[in-house]
Amino acid sequence: MANAMLLPVLLSFLILPFSAMALTQDFCVADLSCSDTPAGYPCKASVTAGDFAYHGLATAGNTTNLIKAAVTPAFVGQFPGVNGLGISAARLDIAVGGVVPLHTHPAASELLFVTEGTILAGFISSGANTPYTKTLYPGDIMVFPQGLLHYQYNGGSTPAVALVAFGGPNPGLQITDFALFANNLPSPVVEKVTFLDDATVKKLKSVLGGSG
Amino acid sequence: MANAMLLPVLLSFLILPFSAMALTQDFCVADLSCSDTPAGYPCKASVTAGDFAYHGLATAGNTTNLIKAAVTPAFVGQFPGVNGLGISAARLDIAVGGVVPLHTHPAASELLFVTEGTILAGFISSGANTPYTKTLYPGDIMVFPQGLLHYQYNGGSTPAVALVAFGGPNPGLQITDFALFANNLPSPVVEKVTFLDDATVKKLKSVLGGSG
Amino acid sequence: MANAMLLPVLLSFLILPFSAMALTQDFCVADLSCSDTPAGYPCKASVTAGDFAYHGLATAGNTTNLIKAAVTPAFVGQFPGVNGLGISAARLDIAVGGVVPLHTHPAASELLFVTEGTILAGFISSGANTPYTKTLYPGDIMVFPQGLLHYQYNGGSTPAVALVAFGGPNPGLQITDFALFANNLPSPVVEKVTFLDDATVKKLKSVLGGSG
Amino acid sequence: MANAMLLPVLLSFLILPFSAMALTQDFCVADLSCSDTPAGYPCKASVTAGDFAYHGLATAGNTTNLIKAAVTPAFVGQFPGVNGLGISAARLDIAVGGVVPLHTHPAASELLFVTEGTILAGFISSGANTPYTKTLYPGDIMVFPQGLLHYQYNGGSTPAVALVAFGGPNPGLQITDFALFANNLPSPVVEKVTFLDDATVKKLKSVLGGSG
Amino acid sequence: MANAMLLPVLLSFLILPFSAMALTQDFCVADLSCSDTPAGYPCKASVTAGDFAYHGLATAGNTTNLIKAAVTPAFVGQFPGVNGLGISAARLDIAVGGVVPLHTHPAASELLFVTEGTILAGFISSGANTPYTKTLYPGDIMVFPQGLLHYQYNGGSTPAVALVAFGGPNPGLQITDFALFANNLPSPVVEKVTFLDDATVKKLKSVLGGSG
Amino acid sequence: MANAMLLPVLLSFLILPFSAMALTQDFCVADLSCSDTPAGYPCKASVTAGDFAYHGLATAGNTTNLIKAAVTPAFVGQFPGVNGLGISAARLDIAVGGVVPLHTHPAASELLFVTEGTILAGFISSGANTPYTKTLYPGDIMVFPQGLLHYQYNGGSTPAVALVAFGGPNPGLQITDFALFANNLPSPVVEKVTFLDDATVKKLKSVLGGSG
């Protein structure tokens, strides 16, 4: 009864501060139609629960390709709900014999959860060029520090699956071979900066779709 | 042959800059025997590949408890390799009927991967108190913004499992009911700040091990 | 005289670098008509001294309401001058018997200056659920760490006033009771995630304007 | 009864994860006996509620001095509870005719609440050297962007008091006159970098306790 | 041959993930036609190699002015490629007898490389007003902490040149004399906040183009 | 005279706040004898002007080696004054025909000033593997975004020299060839993650001092 009496008063309390606070930023779902900024995309005006969930990692990636592996990203470009939240995800499918070749994520550290199969993974420190390698089984996790070269490959006789999280909404993915061979960087330049010979460079350019 | 001749020269190049650069910080595995700092623990002097992998999430948590759920953390305290890397992990096991009660992570956003079962999850915005709720199936992911109240419960008829990543090495976990009832905060204070009645507060204090 | 002669030269010095540097960002007063970004609002083009001062905290908030208290914010939404500057403010008025109920600020720590009356304040740690409580008198200050549950209530026999600062321009305010009861989150869900009984949940939903 | 039965189970749940989580960093009260780090002091091992409150701003500073003003800081050095929390405070007392001379805070923006008297305050932008000045009365607030030159003086006929918050635990305070004249920087150097004449520099060095 | 066969498969791999990842933010060249944000300018849509190089520091600045020195900036306003990258540059030319007067950079630390001549440089700490001064020769570097007052002058008998880097894309430059005397801040205010006498203030206002 | 009278009063003002503020952190020169932390080294207790200057870049590096180039770092390990200041430096000497091979800096963007000779430099974006290449002459600057693969080589007929700044005190340097070939990572692993053939891998391991 007392409560019923107080209700109108309380509601006026509710209405005032909360309309005044309508600008509070709990989250900032990316409006991908706008230009990005150094801190992420501008926020979408109207948001629903669907913006915070993503189904694209439920399906296995297609591993019928040269590397017999697929990386399915849920970065801010695919999953705008992570914009500004300091986290994103990906799914890794690696067929028997498959590999995620040597690569870096320039903008975030990576945390890998193995859910199926056996994954051989490693990263290399910059200071001393020390390799840190592990054989990972379902349930194991491994962390790869930001910006360091690392790789994963299927070390078993069944397909491997891993879920991957990144400590940033847009970690990037730079695969060394693609950076070197899947573009028009002239072969002499590639040779100069890698010490690879001309035949090797030209062969890999041909395989990976590069020119020059 | 030319290469063989150049080898000593090159090695002197290798040795000089790399001994000079021995202090480069690619990572900073926590030395948990030291005091923490606002940016994380001091770095351990000697590191191996094992510091970057963790096996503690491979085993299901014990859900034989009141909430019929278990949160198994791989934060910096359990997995020192994530120190300074902006990421950490946890495993969530929820039996049929189980729940991870209303809680926040004060220091990081959360990203949940459902691997088994059905999870009903939601968070509540601060500005407008809007609930954002989803039913999640295996393969689905959902993001929970830093510091906002959220919950997960098993919405199906089989046990549910989720892997969880956080955008920080030490996200914290504040379960509202435990904060209110699992300590010696006097009942009149709890009642005053929650509008709950004395009987409810005392009952929950009794259930959750609090006093006062 | 010498100075007078040098004046034209100097002015050309002034004009060149300073027109070139017209883009220097000393501050970034929010243009609230634009979309927010994860780092704050885009900067307003034309700025005056008035953008850096705010008068809205000079007047006591209206405490004639259920909680007998009022929080008057000077966040970026009310005081656009703080955008990007890592600080904001609020005023707290608490009548005799009034309370700022259990709440968090997801995006900043809080620093409270008591200017009138007696305030009982406390926060609860996440790890061990330890309450940290103090009785504060005029001139006392207290700090509440980011994201942790806390409360303030008038512990005296006269009205209490506090000035509050936050270590961010948009700290957010999530009042636990409002998050649970002032919306349409279904009662069975609220009960599940809080262990409150149906009658308690329905009563509080009714008092706080919620449904479901 | 059901609850009573479940209690032991629940407590085991409580004990396991929470002892495991004893390292969670909700806060990091400074251990001032340790060396500082770029992110703040190492955390004190044992903490009480008293670490989060501070009484040093309750008393007026002594304004019987040349500037007829006193700045009483509650930075991390005086109030170790703010370490790592992105906020700190100070109290400003300005007698009639008193002034806080031209100064900067290199490491945080400032937010000033006037509680008594009239304060004339201003800051100067770097790009265009534009002054932004305001006359502030009790209840008014003003923000001073990080690193920019600013000042406050008593513009009325009664003592003025202000509470000040900073968006960092250790903002620093560099008073231009003290930086120039209250040390042993040789007068010719001071003259060269300020265009002041020798007599002016020597007089101010004498007044402010400098030499050379 | 095997490779040739696999090529179409691989290319489909290349095309899928990389079109999906077209939003990856490796860099964010400033679109200076947009409003700035607290984290920098929105990113330009179309980028070429020319956006990452800048020629404006190749030419000596004109030192025929009162201070016999020139600061040529390559901040984000001149060199949009540094937007969001945490670095920028400038060139310093100081004729014999020239000086870069007392100044601060509110938003970044500075690193100076001397390439020609002799530069006397110093900064002053805020806490104890301690001057830290050095005579620098070609090849020497010196670092000036963010926000602290510092200066450089030619200490030799030939022109001096330095290249300067800043740990931020938009460091700002606040020259104390220009902040005080090159605007319309009233002389009595300047005198009050600096303890300079009226004649000195008015003379410097006249020299530096100020009024009032 | 009035000033002389006020002097004792003022000095008491000086002494009080400045002893109280002895903890202000204007800078944090690294104490390299302590463990690093994620935010940098603990601060050295006693500091002189010499801590902020460094002479190690004044001398040309020795380019009599396989790559005909030398990178001389002034990172926090060599130049402890930059600790916590968000900037560091290096000197690059490249003989005719020399090259700084493909590499990344995992922890900072790079800004290169060419001071002598002609440098061909480039980086490769991660998203689209686009090369961004430039020929740089004395006075030119170029920026290389954090974590992206890049290279520099002498493109002229005289020795080349560049000064380099990094937007962090400890940027790291990971040379791809050294990461792959200058350690004991087994050849089959290297082949798997790079698509290089066994002969190439073994030859480069031999040249660069690796085994396995």
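Per-chain residue numbering starts at 1, and chain names A, B, C, D, E and F are given in the order in which the chains are listed.
The criterion applied here is as follows: a contact is a pair of C-beta atoms (placed from the backbone, for glycine too) under 8 Å apart; a residue touches a chain by one contact, two chains touch by 3 or more.
Predicted model only: the values in this text are computed from it and were never measured.
Chemist: Which chains sit in contact with both members of the pair chain E and chain F?
Modeler: The shared contacts of chain E and chain F, listed by label, come to A, D.
Chemist: Validating interface symmetry: for the copies chain B and chain D, is the fraction of residue numbers used by both over half? Same or different.
Modeler: The interface of chain B with chain D is built from mostly unshared positions.
Chemist: Half is the threshold here, strictly exceeded: which of E-F, A-B or A-E has more than half of its contact pairs identical to C-E by residue number?
Modeler: A-E
Chemist: Please compute the C-alpha centroid of chain B, do the same for chain C, then give the distance between them in whole Å.
Modeler: Comparing mean C-alpha positions, chain C is 27 Å from chain B.
Chemist: For chain C and chain F, let me know how many angstrom lie between their CA-based centres, rounded off.
Modeler: Using C-alpha averages as centres, the distance is 41 Å.
Chemist: I need the residues of chain E touching at least two other chains; which ones are they?
Modeler: In chain E, residues 21-24, 26, 34, 37-39, 106-107, 122, 126-127, 129, 133, 145-146, 148, 172-173, 178, 182, 207 touch at least two other chains, as defined above.
Chemist: Which of the chains are touching one another, listed as pairs?
Modeler: Pairwise, the chains that meet the contact rule are A-B, A-C, A-E, A-F, B-C, B-D, B-F, C-D, C-E, D-E, D-F, E-F.
Chemist: Contact residues on chain A for chain C in the complex?
Modeler: Touch residues, chain A against chain C: 3-4, 6-7, 9-14, 17, 20-26, 28, 31, 34, 37-45, 83-84.
Chemist: Name, in rising order, each residue of chain A that touches chain F in their complex.
Modeler: That would be residues 99, 101-102, 104-107, 120, 122, 124, 126-127, 129-131, 133, 145-149, 151, 153, 172-174, 176-180, 182-185, 189, 192-197, 200, 204, 207 of chain A.
Chemist: Contact residues on chain D for chain F in the complex?
Modeler: Where chain D meets chain F, its residues are 32, 34-39, 62, 64-67, 70-73, 75-78, 106-107, 170, 172-173, 178, 182, 203, 206-209.
Chemist: Would you pull the chain E residues touching chain F in the complex into a rising list?
Modeler: 18, 21-24, 26-27, 47-50, 52-55, 57-59, 74, 79, 81-82, 85-89, 108-111, 113, 115, 122-123, 125-129, 132-134, 136-146, 148, 163, 165-168
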